[in-house]
Each structure stands twice: as structure tokens, then as C-alpha cells.
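In C-alpha cells below, several structures.
Consider the two complexes below, in which chain A is the common component and chain B and chain C are the respective partners.
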Partner chain A sequence: MQERADRLLAIADDELVLGWRDSEWTGIAPYLEEDVAFSSIAQNEVGHARALYELAAGDLGTTADELAFDRSPSEYRCVPLVEQRLADWADTIARHYLYELADELRIARLRESDDEEVAGLAAKIEREETYHRIHAQMWADRLAGEPRFVAAVERLWPAAVALLEENLRPQLGERAGRDLPSTTVLVGLERGAHTDELAELWHEMTSVRRSVPGAAW
Partner chain B sequence: MSIWEVFRQERKGQPFQHAGSLAAPDERFAEEYAREQYGRRGESVALWVVPREAVHEIDEFPDELQRNYHRVDGYPLKEKLKEARARAGTG
Partner chain C sequence: MTEQDVWDALAEVADPEIPVVSLVDLGVVRDVRIDGSRVRVEFTPTFLGCPALDVMRDEIANRIAGLGAEADVAVINDDSWSTDRITSEGRRKLREAGFAPPVPRDAGAPTLVQLQSAIFRCPYCGSPKTRLENIFGPTPCRSLRYCESCRQPFEQFKTL
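Moving on, here comes the complex of A and B:
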């Protein structure tokens, strides 16, 4: 049970933190329609996190809110890729594109799980992620020749590889048409490592909940 | 960026009605934005996404001879109904 919870938490934390980062574009995305679309994607990611936390919470005898907000930053299992605060749209789309590429493989693996609860939830998540991928892909195609975007994908690639367990990485490399980074490049990017930006995000994200400990919202 | 007109169908079998317009760089973006703006709350079962250039607007309807019997308001039914009822003694 602890092992299943740990696996679910890794994904839930990725989705929550990425959803939070993506939501930072709400109100300031390049144009109104994109603002609506990207905010919606951010909201979906947080929704996926919630469902995953609920499943994990059942195993751990706690609640989704406690898992999402009452752990210390060092206890989160998200990868550095999602923690970074990206103030540039090309960087944001590069991360979105790479994340969706990797996440698809991860969800596909979960859907094949013998654990019916996990497989069922993964199938639900997948139905929404399909549209995230369409969104990511159309942006990636549109920005394909844009030097800022090309450089951003190049820079974020190693961190995106670190999102996946090692056995899924070769498949990601194939899909992206890129070589896998060496282990030295991956130092500090692997799951378990955290950036200072996570603590900052955590502070903001949990501020309301911490203002009245134990309150029911 | 070009403008796209979005029509939505609330329930199967019902006519599509104009939902609004949006700006998008191409067809793929337009479809994605239409889905987010007019479909994600379960308010539509289908959408039509149409480039504004594809819409042919007609806004001139000449009626030089005042043939008001062509118009919806040109045929005062109320008065005629009243007279008919009076004749029949049911009014």
C-alpha cells in the first residue's frame, strides 16, 4: 500500500505543481483565447492531482488536502522540471510539450496496471490529457522554427527525461527524436532533488490553508 | 490571427445557434479554443467552427413598394380575430 501511495504521490505532486505553475499565466497569457485554454489545462492538472491524492490518501489513512498542503516542501515527490518558475512563453510551451510527451508514456503504463483502481483512474485522466497533448503539439508545431522555443526544448530536455522511471526513458527518447542525457547531466534533476523555487511556490500555495490550521474549507 | 465564428448545439437534434467568436492563428487553434470556451462545461453536444470569411452576410432587403403583408408585423391578426369572435359571439 505504501508503495502504491508513493507511486501515486509522485505523479500527483507533478500534476499539482505543474498545474500551479501553469496557472501563473492566468490573466497574462499572450492573448485571451490562449489564456482561457491554458488556464483550463492548469485546472485539469490540479484536478488530476486531486484524484490521485484521494486514491493515495485512502491507502495512507489521510485526506487529499492533507497530502497536497500539509507536507513540507522536502516531502513532495515532484521533479525539478515542474518546479521551475518560467516567465517566458516559449519556455512554458517547451515544458508543456515535453511534459505531455513524457506523461503520455507514464499514463499508458498505469492504464495497463493490474490494479483496477489505478488503471481506471489513469483511463479517466487520459481522456483529458488527450486534449492537453493536442494543445501542446499544435503549439510545438507552430513554434518549431522559433530559436527561443528550440533552445528552450534543448535546455529542458534532461529535466523532462527525469520525469520518467528509467525503464520508460528510451521510449521517450525515441518519441522526441533525442538522445538521452548522461547521468552526470541528470544530477539535480532527478526525482528526489528539489529546486529553491519549490519552497517559494509551497509558501504561496499553502498560505491560505496555513492561515487557519485545521479549518474546514 | 483570424476570426472564427462558433455555433453550438445544446442537445442532439436541436438547431445550431451562434455562440460567439474567437481569434486564433489557424484551424487547429480555433478548434481547441472553441472546445475550451464553448464545450467544457457540458453546455454543448457539438460545435461548428467557421472562419468568418466563410460567412456570407446579407443585410439589404429592398421593399420599395411597402408590401407590408410580407412582414411579420404587417398583418394585424389581433383586430381580425376580435372581429371574428364578435361575429361568432364568443369574444
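Moving on, here comes the complex of A and C:
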């Protein structure tokens, strides 16, 4: 049970933290339609996190809120890629594009699981992620060849590889048409490492929860 | 109290975000079972991040309490719901309220080409000359479209 919870928590933490970062575009995206898009994507990612936390919470004898908000930053299992606060649109689209590419592979793997709860939830998540991928691909096509976007994808690629367990990485390389980064490049980017930005995000994300412990809303 | 009584009561629970349709119209109520004075209802969220989820759960419990029974409402996060489960009655109500109902999911996951095509008719004038404005909308389950014929923006229930 602990092993299943660990695997679910890694994905849940990625989705929660990325959802939080995506929501930072609400109100300040380049134009209104993207305000709507990123807000909606953020809402979906946080929804996926919630469902994954609920499943993990059942195994660990705790609750989704406790998992989401009551751990210390070092206990989160998200990758540094999602922790970064990206204020640049090209960087944001590059992360969105790479994240969805990797996320598709791990969701597909979960859907093949013998564990019915995991496979069922993954299939439900996949229905929603289809729309995220369409959106990400639309932007990647639109920005293809733009120097800022090309540089952003190049820079974020190693951190995106860290989203996946080792056995899925070759497939991601093929999909992206890129070579996998060396282990030296991946130092500090792998799951388990954290940036200072996570602690900042955590302070903001948990502020209400910490000010009124145990509050429900 | 019969299972049908429970279904009838649930048919009066409106979707908090699109109140023209009920939970039964949406097809999200998966199972109703009576065990003595307890009623177990299983339902699935449309979208996992749907903020109306808790409201729906509470409202289901209230209706069952109204029938004099104790409610056991379970939210099932599996893959049993798709927009194909929205009833024909539900589709009619959506159209009347200005929401284009989802297209059938049978053919598989939607693609951008499909979303940009003319299979989505305007719920106001019926014209197929509509264009995609935004894959996303005011709630997770909706996209935004625009009708070139009657020049009316409208919301499209996403195919899920």
C-alpha cells in the first residue's frame, strides 16, 4: 500500500504544484482566452491531484487535504520542473508542452495497471488531459521556430525528462525527437530535489490552512 | 420507498452550474440501492476538478433525507462516465438553454481538427457555420464557440 501511495503522491504533487503555477496566469495571460484556458487547466490539474490524494489517503489512513497541505515542503514528491515560477509566456508554453508529452506516457502506463482503482482513475484523468494536449500542441505549432520558444524547450527539456520513471524516458525522447540528458545534467532536477521556489509557493498555498488548522471549506 | 422514488427525487436535483439539467439528465448517477432505511447512491463527477461536486453530494443527501432515509453517497472516480451518458432529454434541455450538447464520443478522443470542424451546430439558429473560440470555458466542462450565421457566441459542452 505504501508503494502505491508513493507512486500516486509523486503524480499528485506534480499536478497540484503545476496547477498552482498555471493559476498564476489568471488575469495576466497575454489575452483573455488564455486567461480562461490556463485557469481551466489549473482547475483540472488540481482536481486530478485531489482524486489522486484521495486514493493515496485511503492507503495511508489520512485525508486528501492533509496530504496536500500539511506536509513540509521537503516531503513533497514533485519534480523541480513544476516548482519554477515562470513569468515568461514562451517558458510557460514550453513547460506546458513538455509536461503534457510526459504526462501522457505515465497516464497510459497507469491505465494498464492491474489495480482497478488506479486504472479507472487514470482513464478518467486521460479524458480531461486530451484537451490539455490539444491546447499545448496548438501553441507548440504556433510558436515553432520562434527563438524564445525554441530556447525555452531546450532549457526545460532535462527537467521534463525527470517527470518520468527511468523505463518511460526513452519513449519520451522518441516522442520529443530529443536525446535524453546525461545523469550529470539531471543532478538537481530529479524527483526528490527541490528548488527554493517550492518553499515560497508552499508558504502561499498553505497560508489559509496554517492560519486555521483543520478548517474545512 | 422504492428505488424509483429515489431516482425521481434525484431527477429534481439540478446541476449547480447548469441548472437546466438534473443529475439524472447528466447521467452521473450510476447506481441507487436501498438497504432497509439506508439508501446508497453512487455518482461520478463530470470533471474531477468540478467545484460543484460537494454541492451535488450534499444535495443528493438532502433529497434522500427528505424521503425519510439515511443517505450513503459515494463519489466514484472511475471511467464509467462520459458525455455519451447525457440523456436525450438532457441534450434537449441543454440546447434550449443555449448550450450546444456534446457530440458522441464513440469515435474516440476528440482532436483539434474535429473541434475546429463544423460538426458543432449553433443552439440558437442551428447553423453549422460555427467556429471554436476557446477549447476552455467558464467551467471545466465547456468550450466557447461563435456562430458565424447569427453572430451569437455560445457554450459547447465538451465531449468527454
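Definition applied: the second predicted complex is superposed on the first by the 217 of 217 C-alpha atoms of A that agree within 3 Å, B and C clash if a C-alpha of one lies under 4 Å from a C-alpha of the other, contacts with A are read in each partner's own complex, and residues count from 1 in each chain.
Here, a contact is a pair of C-beta atoms (placed from the backbone, for glycine too) under 8 Å apart; a residue touches a chain by one contact, two chains touch by 3 or more.
Just so we're clear, the structure is a prediction, and the values are computed from it rather than from any experiment.
When both complexes are overlaid on chain A, chain B and chain C end up clashing with each other. Of the two partners chain B and chain C, it is C that touches the larger number of chain A residues. Contacts of A:50 after superposition: chain C is touched, whereas chain B is not reached. Touch criterion met: A:120 reaches chain C, while chain B stays clear of it. In the superposition on chain A, contact of A:131 is made with both chain B and chain C. Contact with neither chain B nor chain C is seen for A:96 once the two complexes are overlaid on the shared chain. In the superposition on chain A, A:31 makes contact with chain B only, not with chain C. Within the superposed three-chain model, A:142 lies in touch with chain B and out of touch with chain C [touch as defined at top].
The contact surfaces that chain B and chain C form on chain A in the two complexes overlap at residues 33, 36-37, 40, 131, 134-135, 138.
Across the complex, chain B meets chain A through its residues 1, 22-26, 28-29, 32-33, 35-37, 40. Taken in their complex, chain A has these residues touching chain B: 31-34, 36-37, 40, 131, 134-135, 138, 142. Partner chain A is touched in their complex by these residues of chain C: 44, 47-51, 77-82, 109-112, 115, 133-140, 144, 158, 160.
On the chain A side of its complex with chain C, the touching residues are 33, 36-37, 39-41, 43-48, 50-51, 54-55, 116-117, 120-121, 123-125, 127-128, 130-131, 134-135, 137-138.
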